[in-house]
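Scrolling down, you'll hit the structures one after another.
Here come two complexes built around chain A, the first alongside chain B, the second alongside chain C.
Entry: the complex of A and B
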């Protein structure tokens, strides 16, 4: 009798612990890298943006389902001060993760922090051109003031709100503040950064009810290891699956590929500060020497006439589905060596033997690529180098780590390079001004890789900034597209679909463009 | 006149200087890098107002100012906050979390070596096993750690989840065996015993029917302490590779990640704690030497005919 009772006790204990394990097992997923910070004021990468979307709420956001501009924090709004301000009435009962009530003081604190020049944030610098100030009129009413009248002011309010109490009201926020490691948000999950990942715990709120108790972000390593771990249920999702591994994922019954609309496009930035690339004819020649069809086939595996290709060519700085894409500018799928040679000769190049020379010196191009892109398009750098070498240019190839890319390339300090292969990603708002505007002290051209400067381009970018109507904005960017296709600060390559992979026991997983986790509340996970 | 105290004194002085000099050297090395440290941590284009950040982080008045202010804060237990590795995280907390796995790793490897040393000391370890240890010790720690990591990842050892306990156990094994760690210990202790056994006093003790070990051990203690110190320092430095490869959240891994991310405050603090541990071992050796010199009546070093 006693033995039977002992067996029963053990069986119950085993079953109980199995149940406990199943219930507490977090939903794990692989991200490209670990986030650089959990403070949205200092976001630098796509990973940062995605992680912040889980922890914080933006004042306004585009619903991925209806595409409407909406808010989880604002009850109602009204135009004030003749259009140069909006009065926001905030929802009552929303709380920060630590239980403190959310209110107008927090909204105004966030805007004041963005405006404070002692907050060393690039985002803050950009926002200073938009916001003038903020007044907390009552606990739940904030008056947000703009520098000028915007035709759709709520579009400008896609900012994450920070809690005033976490900073004791000090608006000069520093990147190494404790908040960057242990943030308090109003988003669906409370996040805590560890050395090898980030843990998210559900934080029920008036406006969020996340049904997954715990989530775990892990740094992705080799894509093959990621896919194998996913197949073995070691993790439940991968944010971005490289094209070469998608067939493997699609073949598995327990896995599903999901589209992640990133509006991202690939380019080769050209350093026009180099003597031999200053003349736009030399840049046009390089553009004509690239055989994009071959590049796409060899690196991504897209057959020349493949239908529904995950990769489509572009002729300017927008994806083809964008309203800003100018369809009158043709793409260049194959190379045109004869025209390229004519252009190079016109630009002062000489052909000695099989090599191109300028000023009596053979031209060797120093080409770099953001190392992480090698996972999506393996050996792209080598293939580009091969094509240019076959056309008569020497080449040196370099893979640039994410840290050096952020530190040198994005800041315009990689002038040693002649060509840089990279990728830009956008949300619904495709603002390319930071990429092509002349670098200036007001923060213009903040992402201008080689310091490209063209007055006509600057004027078109200004037109886009000033546009009050969508048609005006489209018109400005159509002209910009045409101009850039002629000036070629970039050789535009293609748009490559981004696909996520999730196990079938993760359901309701609506993936939002760019921010990914906007509809996290609808996600369900059954271990 | 015997100058036995000179070595002990040197060890004591070095032990005291080590925790001060290592961070200082690292700080000067950081300043020797091209570009100013604040801009390396956060370039002006990414962090507007870098000058203010440099002032805040004490990076604006040269290496000595940074070192002095860092050391002053460190003495009060404040090691600052991470700038890049985990922005905002308290470095002291990260170091405290990391010390335990490192100590467990080194202790595990140390235990393996201690067993080997005991075997060599008592003669219980057969001499032919030395060759085995020598061959195993030829494998570099990196290769052995990578093999262990592959075994864990592929599920050959454990359930494929790579639990910390398993990684620590394998790590200790790798650390204790690779790079000739165990072989050096066993061979070193064996050599010491053999040479001491040849001494006249030991031979006389044997003739008297006394135990050899009880006679030679007090005389060997300072040399054994020296061996132990060298071994522990070897294990501490080897722990960096093992922790990085086997993903053990120890001090070595923290140092490695901090260096990769150019998070100077993490690097300086981690190196400080490594130097503290090395200083502790040096201090222990000096203490053993001191005790032996004062309390143990040393036999004259004369070999038996």
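Entry: the complex of A and C
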């Protein structure tokens, strides 16, 4: 009798908690990592970019459905100052998440902050070539001034707006300002970062009505655990499903794979500051020692002759479908050990037994990978190490956590490493200056991992930036591609598409290219 | 124990493990008309899958499929028709890219005057002869003699009127050999023109070549399978200025096998929509009339919420339809087979394609867009239908979204010789749109 009562109690508890959870349960999803900042001025990762799209509004954005350029903040606009400015009339009644009214002062504060050289923002440094200033003409009218006349000027206004009151008007914004942890936005959700995730609560506004009360971002770990948790309804979505698990997801009736339009390519950055990697012939040899076909098969699961693979080899810093990709530079699908050995000998290496030596010392390569990528392409680090070891190099392998990656690698302070495996993603703009330009005080080379510096490369990057004609820009990048394939600051690997997975009780889930959550208001979740 | 109970209540069980109840989305009689159920009957599928032509077609290897089918008949007519449609859709993407790059409101200082010729041909493809007339005939003085001659030829053709989209034998308009059943004409490798501009050059493909290739394959299809069949299969993929037929057609199995049109009536409904059925009442009446013989009409007829389609209803019913098909196929075959699930996958893409056309007939661009984006997610594996994917690329380009359009086109551009010629126009639009955008920083 007591046993029956206990079972009855247990069943009632399950049912009761299910009912309670159905009402209060957040929509949870796995992200690649936790965001590094909630301040959009200092976005360093795709996770950051996606999270900012939930909390803030961009002045203008493209509809992910019709691609129409539109705004949730601007009522109307007009060209001013002979085309060198636009006058924006803002919607009345929009509020910041803390209830303060949104207005022209906020728009101008944001632009002033971007223009302030004491705001250490890579994005800001780039925006200085576009914006000249901003005048708040009334509470809801802002005059945004450009450095020159732009065709389609509204396209330049895809900037997140920050609240002037959160910074007391100080436009020299610092990354460690408390705003980075406790932001105020006008976006569909109010975000708060905890130690193990980020919680988003619906923030009803004049221009937003998010129907999901609470969302929870969790850091993804083992992809198998992620997929199993999704299948068991422990979470409702995974932002990036590794290729090896996509078939599993596709076979589940309650799950759907969704395309996430992102231009991503993978690379191995080479530290040319190391004495044994300074000579470009040694870098070319490493490039030839990699068997990309095997790497791709073993880590991503692509068969050697598979058609329409989600993973396509590249020979330079663009995906093959980009007009900037130089098709005359061949990809290197398989290794060429004979040529590699010749190059190593010419570069001053000696082969002692099966090991390569330089200056009498055996060469051991310290190889690192951003830890989250090792989940997406399982064991890529090991396979690269294996191939190089089989060719005669010692190897040490390291998985680098997101904090160290942001703190050391992106700032050019990971000089201990010889090789770093990474991935870059791009939206509409494929600006590779931050990757390959010499690091300078004007923001050039802001993501230059090992401090690569080459005057010809710098000149080509300048040619691209100054190009008046589209064809000049294309030519500059074609030449850059060719030069980089020769100099090899990176060993270019492949482009890999991105797929999300969501449970079928998450509906209306249109995924925006690059920004992901632009249509968040239309998402619906029934627990 | 309490904690365990709460956890179970919150997490729930594995839904996938739950037994699925039999799904009845549409009438059984409509399901019985589908090629999926037809081929499931004993003795039907084996000869089809043994044929090397169908084996090649399964991977949409048109060149090999054409060589294996070869002789006149429905399969060869179908290959020619689909190639013609692919060239049409590619030309459509190219034409849209040209207009959105160099059209009146987008012209920039430094654009070479020869783009007028490209604009002229693009407007012909888009069915706007008046706009074409404003651009053709202006490049006679170009130093590029081939372009100059083509411009004169097109101007003469336009002035003569009529038949602008038909095969031309003019020596300056990418002439092709005489159409031949089972043949694949060679294409002139692009770029067709390298137009000097400043200290650099604009590489361009001429849309005329794609138009010629489309017309050539259409002529070969007619020779192989007749005019009625060719016209009906082409109707869903025609260029904007082309007339579409509405007379119902009864398609043989070989005209539908491995296609997104499961039955003749699926195609007939789509043709009617494309030919001009519009407005909620007309569209609903059409679907009600056809839902007994078209599974897609059956699915979609239950998803109207004035003034348009309920997108979530379409998604849900489209997702359920394959289960009903698989059950019917299993029953027809007398057993479950692995390929039943693969074949049923075509139906989901088919429903969404009809849904897109309904939304467009109702002037509901947002719903049409949502259905397209969702269709893209299901156009994978065996259902990665090149016609839909290139159509999607052309739609993206028309929305000034060359980013995804270029990626989709890149994946299909080797399906047939000459398709790659459209790349240059898509590149030009991509460059313009990308350079117009604000700043972007590499992330990850």
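Keep in mind that, in the parts below, the second predicted complex is superposed on the first by the 441 of 527 C-alpha atoms of A that agree within 3 Å, B and C clash if a C-alpha of one lies under 4 Å from a C-alpha of the other, contacts with A are read in each partner's own complex, and residues count from 1 in each chain.
Here is the rule we use: contacts are C-beta pairs under 8 Å (C-beta built on N, C-alpha and C of every residue); 3 or more make two chains touch, one makes a residue touch a chain.
Bear in mind the structure is a predicted one, so any value in this text is a computation, not a measurement.
Here chain B and chain C are compared by how many residues of chain A each touches, and C touches more. Of the two partner chains, chain B and chain C are each touched by A:122.
Shared-chain residue A:403: touches chain B; no touch with chain C. Contact with both chain B and chain C is seen for A:234 once the two complexes are overlaid on the shared chain.
When the two structures are aligned on the shared chain, A:256 is found in touch with chain C, with no touch to chain B.
In the superposition on chain A, contact of A:44 is made with both chain B and chain C. Contact with neither chain B nor chain C is seen for A:298 once the two complexes are overlaid on the shared chain. Chain A residues 44, 122, 232, 234, 446 lie at the interface with chain B in one structure and with chain C in the other. Interface of chain A with chain C (complex): residues 6, 10, 13-21, 25, 43-46, 48-49, 62, 64-68, 122-123, 126-127, 129-130, 150-152, 155-159, 231-234, 250, 252-254, 256-259, 261, 263-264, 307-308, 319-323, 370, 422-432, 434-435, 446-447, 468-475, 504, 507-508, 510, 513. Against chain A, the residues of chain C that register as touching in their complex are 1-2, 5-6, 8-16, 20, 59, 106, 108-110, 197-202, 311-312, 315, 319, 365-366, 369-370, 373, 376-377, 380-381, 384, 396, 399-401, 403-404, 406-407, 409-411, 426-428, 430-444. The touching residues of chain B, counted against chain A in their complex, run 40, 42-50, 52-53, 56-57, 80-90, 94, 153, 160-161, 247, 249, 253-254, 257, 260-262. Per the touch definition, chain A reaches chain B in the complex via residues 36-39, 42, 44, 117-118, 120-122, 124-125, 174-182, 193, 195-196, 225, 232, 234, 403, 406-408, 410-413, 446.
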